[in-house]
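What follows are several structures.
Next come two complexes built around chain A: one with chain B, the other with chain C.
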Partner chain A sequence: MQRYLRVYRKLCEMSLETLMAYRANFINSMGSSFAWGIFSFISIFLLTSKTTSVYGWKREEIILLTCAYSIMIGVFHTLFSRNFERMAEIINFAQLDTFLVKPMDSQFLLSMRWVNYTASTRVLLGIGFLFYFRRIIAIELNPLAIALFFVLLFFGLLLLYSIWFIVATFLIWSPRLSNLIELMYSVSGMTRFPGEMYKNASEYLFLFLLPITLIITTPIKFLVARASLFDVLSLLFFAAVLFVISRKLWKFALRYYTSASS
Partner chain B sequence: MKKYLQIIKDTWAEYMMYRLNFVLWRVRMVMQILVVYFLWWAIFSQKQEFFGYTQSMILTYILLSSIVRTLVLGTTTMDIGDVINKGDLSNFLLRPFHFFHYYIARDIGDKLLNFTFAVVEITVLYFFLRPPIFIQTNIVTLLFFLAAIIIGTILYFFFSLIFGFLGFWTPDVWAPRFLSFVIMEFFAGALFPLDILPKPIFFISQLLPFSYFLYFPLKVYLRQLPIEMLLQGFAISIAWIIGLMVCAQVLWQKGLKVYTAEGR
Partner chain C sequence: MRYVRIFLLHFQDAFENRSRSFVWFLLSLLNPLLVLLFWRGAFAGNAEPLEGWSYNSITTYYLLLVVAGAFLQVHIEEEVARRDIQSGFLSQYLTRPIAYIVMKFFTELPWRMIQGFFGIVTLVVFSFVFTNGLSLIYDMESVLASFFIIILALLISFVFKMIVGLSALWITEYSGLQELIGVIDIIFAGFVMPLALFPPFIKTIALFLPFAYMIYFPVIALLGKLSFIELLQTIGIQLVWLIGLWFIYRKLWEIGVKRFTGLGQ
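Coming up: the complex of A and B.
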């Protein structure tokens, strides 16, 4: 474990050095990330401005959901999404060989090789808005509730990671499907809205999207004391099961990796 | 003309080479429409009217925007930065057609293919969701709508071209393009009609080119613009076309002078 932490620290340093080498790119990316976050907030304020509640979700809770989404997606994009973006290229050009021969877990190396620091702007923005709106949101928060909220956010993150990794694993069989990762950005975007929105549109769609809708809504429901035991257990269950599936599927998929063109 | 038709055919062949990838791209588009659609459906679950819009108007706006965006925002010009940075521009300079014309032909191919798919998708979604949409039957309005789409398409072509030409001066083309994309998505009115924004922001958005990509054509279709606003919209968008066209030409000429065919 310590070895992994040491390696990860080194990888973080290397990502930072790369970032500093292209400063204009860094500033632009920060700007984009910031603008994207701000526009998401403006959109949700506007769309909920004439509504007191939607499908049982109060306006304040929807704003809280947007804050949590910003934090969660910011962490996810910082730690993982850039790695998934590169997966198609790595597999297609047989660079995966270099990951497989290293004395470390290939899933760890492949999904945590690069850190996208610019996406952390979204995290800061989410926290900033959370503090700014804490009076409007008016929720009683105690340290234990906050701690458990972050534990649930962690499981939400694990669930999101597992879904992305399972989907990205299919690149082993079809490396040219780079749009698969693009698709996952849209899937992640669906987590920002309450599951009830999909449930009222279509029961089938809701069942299909169930694991995705749990990712952020469950921690928020917990924070506003609306989460049932079923919600919490569902999140823990899906996060654990899909993570195990992602590991097994990756090991299985590697049998089909042909290393063509290396 | 024949050579440009060939470029269009080549663009289709290129997309059809990676069919599943193209299908996934379309799936992504459908998902984005559905999310926005369900969001508006949820908002209208408790209201009859929102900022002066009825449910029918908004759902028409959202569904039609997904078709209009394939025509206006569908482009292949985002490759240009890479073409310049990798030195591949040299190949284009040797060919018997203008670089701009090549990309216009490619864009036509891209737009036609995506438009066809979008029409099929929206038709399928219509039969599944049965939304109360508004069908415009006034011929004059439809002609204005078509004109607004053509203007938006030309405007976006030059807008995107300019960002590609940044490749003459910097290898970091992706980040400014992404930033422009973020701002554009918001001010084009893809998620909601811009007139629900606070008045000062809405006023600014009218002066920017982005609102003429989606918002303006859709408002023309919905016939929600008084004649003076309609004429003002056409005037501003045409002024933007002239400005961006001149800017693209100047950047192209200056860029060619500094182009070093790096990597060749």
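Coming up: the complex of A and C.
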């Protein structure tokens, strides 16, 4: 464990050094992160400007959902998404060998090799809007509630990571479908809408999308005191189960990986 | 004849990658459907039309948006910027007796057609799901005018994205610009909601940008939200945009190609 923490610290330092070396890239990345962060708020403001309530969620609660989404997706993009983009390239160009021969877990190396610090702009945006709307949203926060909220957000993050990794694992069998990772950005965007939206569309659709609907909705429902025990336990259950599945599936998929004399 | 041959060769390449095309199509399918589900909730407690938009017309709007996003939203800028300019493959086009923009058009067109096909199939499937039927135009004059609007929209989208791609001749890290334009495109092309429902100030800005003429106006033309005079006005504005963007492209190409350096190609 300590070895992995030391290695991860070194990887974070290397990512920071790369960021500082290419300053134009830094400014570009910050700009695009900021643009997408603002977009998620603009789109929800526009959509909720014509209606005050959707599926039992008030406008203020949907904005709160967007704030939580911005924070979580910011953390996810900072820690993981660039690694998944490169994973598609690495598998497609048969460069996975360099990761497999290292004396460390390949899932760890592949999914945590690069840190995209500029994506933390979205985290700051989410926190900023949360503080700004706190008075309008009128939720009572105490240290325990905030702590539990972040614990649930962590499990939501773990669930999101597991779903992405399971999808990325299929690239071993279909390396051409590297744009599946692009699709996952849109799939992640589904988490910023209330889970009840999918339930109302179709029970079958809701069951299929149940893990995704729990990622952000459950922590927010907890914060506004609407979460049931079932919601919380479902989130914990799916996070744990899908993480285990992601590991098992990755180990299984590696048997089918064929290198290209790299 | 040679242009037909070029098109068929690129169509063969695009068809071979139809599974990738299908994944790209899913991207243009997912977001409109999500927002449509959102609107379903908004209309749930209130059957009254919202500023002239009933649930039926909103549904048709987003389903047409799926087709428009698949067929009309060009993505050639990535190839132009990264592969051709930054990796130097532009050299091979400079020595050919066919204009670069023409070659790129025939590269992109097959992908649009294949994804547009997926979009139309989706529209047909959903037309059976929605028993109230989709609200589309049926009179011949409007259909013909809408056809011209769609063709012009595709051409505007293509020339605009070529201009974005050419920016790589000046900017080494152009992805920031690409992402920024992507966000502006989504908002002002009407992917979030119909521009008619925007706050007046934002709606005015949207009408002064080309994005609405790439996606939004073709969709509402097919929806029958435009009178015949308004259809002709839209065609006129699209022609102005197309000519303006063409001149910008020509100028950027003349200046930019002199800056280009390709090594070992």
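Criterion: the second predicted complex is superposed on the first by the 260 of 262 C-alpha atoms of A that agree within 3 Å, B and C clash if a C-alpha of one lies under 4 Å from a C-alpha of the other, contacts with A are read in each partner's own complex, and residues count from 1 in each chain.
Here is the rule we use: a residue touches a chain if its C-beta (ideal position, glycine included) is under 8 Å from a C-beta of that chain, and two chains touch if they have at least 3 such contacts.
Computed from a prediction, not measured in an experiment: that's the story for all the values here.
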Simultaneous placement of chain C and chain B on chain A, clash or fit: clash
Contacts of A:Gly189 with chain B and chain C, given as first, second, both or neither: both
Which of chain B and chain C A:Trp36 touches, first, second, both or neither: both
On chain A, positions contacted by chain B and by chain C: 22, 24-25, 28-29, 31-32, 35-36, 39, 42-43, 46-47, 50-51, 53-55, 174, 176-177, 179-180, 182-183, 186-187, 189-190, 193, 197-198, 200-201
Residues of chain A defined as touching chain C within the complex: 22, 24-25, 27-29, 31-32, 35-36, 38-39, 42-43, 46-47, 49-51, 53-55, 174, 176-177, 179-180, 182-183, 186-187, 189-190, 193, 196-198, 200-201
Chain A residues within the chain B interface of the complex: 22, 24-25, 28-29, 31-32, 35-36, 39, 42-43, 46-47, 50-51, 53-55, 174, 176-180, 182-183, 185-187, 189-190, 193, 197-198, 200-201
Residues of chain C touching chain A in the complex: 17, 19-20, 23-24, 26-27, 30-31, 34-35, 37-38, 40-42, 44-45, 50-51, 172-180, 183, 186-187, 192-193, 197-199, 202
Chain B residues touching chain A - in the complex, by the definition given at the top: 18, 20-22, 24-25, 27-28, 31-32, 35, 38-39, 41-43, 45-47, 50-51, 170, 172, 174-176, 178-179, 181-183, 185-186, 191-192, 196-197
